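In what follows, subunit A forms one complex with subunit B and a second complex with subunit C.
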Partner chain A sequence: MTTFLELLATGVSLGSVYALIALGFVIIYKSTEVVNFAHASLLLAGGYFAVLSREHIGFWPALLVGVAGAAALGMLLEFLVIRRYRGRDHSVLAIVTIGIDIVLITEFARRIGPKIFSYGDPWGSAMVSLGPISVPQTRIAAFVTAAALITLFLVAFRYTTWGVAMRAAAENRETAALMGVRLGWVSASAWGVAGALAAVAALFLSVFPTTGLDRDTGLIALKAFPAAIIGGLDSTTGALVGGLTVGVTQALATGYQSELSFLGNGIGELAPYLVMVLVLLIRPAGLFGTRELSRV
Partner chain B sequence: MGAADLRVRGLNAGYGPVRALTDVSLDVPDGAVTAVLGGNGAGKSTLLRALSGTLRFHGGAVTGGTVEYDGARLDGRPAASVVAAGVVQVPEGRQVFARMTVADNLRAGALGRRGDRAAQQAARNRVHELFPVLADRAQQRAGLLSGGEQQMLAMGRALMARPRLLLLDEPSLGLAPMMAARIAETVREINTQGTTVLLVEQNASLALRLASHAVVLETGEVALSGTAEELSASDEVRRRYLGVADEEAAADAAAGIAAEDAGVAAHPPLTRWTA
Partner chain C sequence: MSDLLTKVREGLRPPAAAGSGAGSGRWLVPVVWLAIGLALLAFPFYLETFWLRTGLLAMAAAIGAIGLNMLSGSTGQLSLGHAFFLAMGAYGYCVLAGDPDGPATGLGLPPLLAVVLAVLLTGVAGGLFSPIAGRLRGAYLGIATLALIFIGQHVLFNAHDLTGGFNGRVVPRLEVFGFVFDAERIVVAGVPFQAMEKLWYVGLVLLLGCVLFARGVLRGRPGRAMNAIRDHQIAAGVMGVPVARYRGMVFVISSMYAGLAGVLLALVFERTVPTYFSIVLSLEYLAMIVIGGLGSVGGAVLGATFVSMTPLILTRYSEALPLVTAPGTGGGFAPGEVSRFLYGGAVVAAVLFLPGGLARLPAAWRARQRARRPAGEAGPDTQRNEEVPR
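Right after this comes the complex of A and B.
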């Protein structure tokens, strides 16, 4: 039972980090209808900017640099690339983002090389005991931070003028334009927010119990992809539920791997995708996604 | 001619190789209601899209001519900039943001015109005065409103931007006659309060009752234009858009003179857009 609770806590914490990344996917998809495969490179960029500046300015300012850098990179990509393809088929844009991702990941991987960067975070490898279970402090910090950021985002999405513009553009771009919403700004801000969230996720994916930021950290964003799909690509609620589902599934499958040995090694990595396939078989638009409606 | 007139001169527009508007010129004088009539595919919606800067959402573009409002060129400007100039369109088929509340729809309408809170509150009060139902249903999702209420919301949302010129695309479309009459009444009231209106309608009798001037579009060109009285009186408009010919034909038949007039027999009257 203790093992189960510990795994569950790990899963929820990991899931909330995935939810941060998935939320980025969803924001971009909702506001620009682009499936952004370049998310992994945004995440790696945020992490890389942070660990580089950490040596000079300390942890907290460096984290800010990472967040701001990834947000700026996201907005830059939107401005330099995505905007040029406006009005084209969205599947073309999705493929363009794959190209961007390959270029950026290659460049960052070349810069990082074989090194593993440490964030020098204040939590270190300390453990916290919650009754019978003990959890790394970093996992608690990850959950609290992710929950706070997601709450902040949802409140802004619901109540601010920016949120109204985002939701209006997500529902009907042309009508939003008729209301005077500047779609370019909506789209750029979506990419910026997604980049910022990914940079925060990069931090919690690189601290204890992980060794640090290396050139493969960006690949973890690929696990947030099933999270977004499970929840439904156009649902913010779905991103949260999907993130938690993937996190808990992965933690449990990895934790009980010895009991699942008949499935071979690495089932933890695979489990989120299995869940995704199962969900899509039953609900093709994801748990909270809107089904494509045809107008008569 | 006052400064805040909308002047369209020689406008050409199309979708790729398809030409939708040819050499369209019209004036919307400040303070008046002007109507654009025409059947399906006549180019009415394309004209409005060209004015509001939304042709690009349909793969179209203005290929020639000018649109001038209040002395400034509007053609080629993005939609948000047209809204900022005070020209706001209510889209065809209402297009309310169905998943947002009525109150949020109205907030969205105010996005194009940043102003102080007092001005926004005044705009909201005006909308609630015109359409009290929107105040009652403020927290309801817009998708749950009836068709007529959605049309009211679409108009109220556009008014939140405090337009000087309101472009209305088929406001009576798909509404019950009573509701259409109610919407028409509101259009008149909005105009009386000082907003110029350009009304695009298939319902010609409704449009001609509201408007002082009107143009008739046919296959992308201005076929007729004049004052509402002139057009209501014209045989062409009566026959093709007001559906008056039916009654005359019936009367003729009753008088037993229909057979004598070979012309009528050879060309049965068309009654396409019955009022």
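Right after this comes the complex of A and C.
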């Protein structure tokens, strides 16, 4: 039972980090209809900027640098590439983000090389005891931060002018533009927010019990894709539920690997994708995604 | 709707032949094709093994890219799972034709039969995924097919009996009606023929067959239906195209193309290893079709040639090139990195500046020539790709 609770706690914490990434993914999809495969490179960029500046300015300012850097990179991509595309087919834009991702990941991986960077975070490898179970402090910090950021985002999405503009643009781009919503700003800010969230996620994916940021950290963003799909690509609530589902599934499958040994090694990595396939078989639009209804 | 109508109108026009624009250059086109054909047939007599191997890998990639282009370019369905089907073809052939007494499972079937069965097997795997492939649209499907990659990698690393695990397994030689494609030297017209020289002609035949089949599908009724689904799925459905069935069917065809490409890759590599069939391979295939031109068979071949040959050529000439260093030596840029920069950048540039990819270059050039002439007749080439509100 203790093992189960510990795994559950790990899963929820991991899931909240995935939810951060998936949320950025969903925001970009809602505001620009682009499925952003370059998310992995935004995450790696945020992590790289942070660990690089940490040696000079310390942990907290470095984290800010990482967040700002990834946000700026996201906005830059939107401005330089996404905005220039004149066609109508958004799955072509998805392939463009793949092109961007190939270039950026190659460059960051080349710069990082075989090294593993440590964040030098204040939590270290300390553990916290919660009743019968003990959890690393970093996991608690990840959960609290992610929960706070997600709440902040959802509140902003609901009540601020920016959030209203965002939702209006997602609802109907032309009408929103006619009402005075600046579509360019909406989509640039969506990319910025997504980059910032990915940078925060990069931090919690590289601290204890992981050894640090290496060239493959970006690949973890691939797990946020099933999270976004399970919840439904156009639903912010879905991103949360999807993230938690993926996190808990992965933690449980990894934790009980010895019981699942007939499925082979590393089933924990695979489990989220199997869950995604199952969900898609039953609900093609994801759990919370809007079913597509069209009027001709 | 209006874009669909232009498509239909374009469809009613006879398919624009390569030289339809300029009357004077019409004789040039068959001559060029003939020259290319003869050169391809003559290559094994003149080129060294490195170039034949590179060319064969490009042919295999071209077959896979044609299949992916039918799915992504013509039907608008994104797939990141292409590497899974390539692996399925490669390993399927190894298992079916493998030595029954070897270290890994082998059924010892005749190699030719094994090739056919491996391709069919990939088709069945694609068909099993069709409940998802038929219902999801565009990029949504792209993410769903990520699952295939991870399932594939998991199986490749864990099913030791079938796949040989991390170290992979040796590929059995191809044998067609008693003729063995092995390294034994036979002399043809004074040139020693070894495995690559012999396989070259297999590759050519397979590629030609795949090109012709794909053109037949795309220019006929199914092709029109696929384009209609891509451009407006609801309108396509209203006009009587069974959208889900078509999507599922194209997914199956595309997986079978990937299966055949996988078999050819395996034959050229002579050993299949699981790390090759990772997500990077899927991304490379997507890059190929975008650079070459979405929806065009010739474009897929061009793009495949560019993407698959660049890293090999860069590696070979890494010493002669500035900034490029041999892999693993540090400093500078490794050839693999340079080629990823090149094709990643080419994908972005192609979509932004040359929609239609390399395959569209001649048409774009002709349109420019025509625009220079006064009172030039505006053909489909000069049509602007304007944003039409739905």
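The rule is short, and it goes like this: the second predicted complex is superposed on the first by the 293 of 296 C-alpha atoms of A that agree within 3 Å, B and C clash if a C-alpha of one lies under 4 Å from a C-alpha of the other, contacts with A are read in each partner's own complex, and residues count from 1 in each chain.
Please note the rule applied: a contact is a pair of C-beta atoms (placed from the backbone, for glycine too) under 8 Å apart; a residue touches a chain by one contact, two chains touch by 3 or more.
None of these values were measured; they are calculated from a predicted model.
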{"item": "First (subunit B), second (subunit C), both or neither touched by A:L274", "value": "second"}
{"item": "Touched partner set for A:R182, first subunit B, second subunit C, both or neither", "value": "first"}
{"item": "Partner chain(s) touched by A:I95 [first = subunit B, second = subunit C, both, neither]", "value": "second"}
{"item": "Which superposed partner A:V164 touches (first subunit B, second subunit C, both, neither)", "value": "first"}
{"item": "Touching partner for A:E174 - first (subunit B), second (subunit C), both, neither", "value": "both"}
{"item": "A:P209 touches, of subunit B and subunit C: first, second, both or neither?", "value": "neither"}
{"item": "Touching partner for A:R84 - first (subunit B), second (subunit C), both, neither", "value": "second"}
{"item": "Subunit B versus subunit C, judged by how many residues of subunit A each one touches", "value": "C"}
{"item": "Subunit B and subunit C contact sites that coincide on subunit A, given as residue numbers", "value": "87, 174"}
{"item": "Interfacial residue positions of subunit A with respect to subunit B in the complex", "value": "87, 161, 164-165, 167-168, 171-183"}
{"item": "Sites on subunit C touched by subunit A in the complex", "value": "1, 3, 72, 76-78, 131-132, 135-136, 138-140, 142-144, 146-147, 150-151, 154-155, 157-159, 230, 234-235, 238, 279, 283, 286-287, 290, 294, 330, 333-334, 337, 340-341, 343-348, 351-352, 355, 385-389"}
{"item": "Interfacial residue positions of subunit A with respect to subunit C in the complex", "value": "35, 37, 81, 84-96, 98-103, 106-107, 110, 113, 174, 222, 225-226, 228-229, 233, 263-267, 269-270, 273-274, 276-277, 280-281, 284, 294, 296"}
{"item": "Footprint of subunit A on subunit B - complex, ascending", "value": "52-54, 56-57, 59, 78-80, 83-84, 88-89, 91, 95, 97-100, 104, 107-109, 111-113, 157-158, 161"}
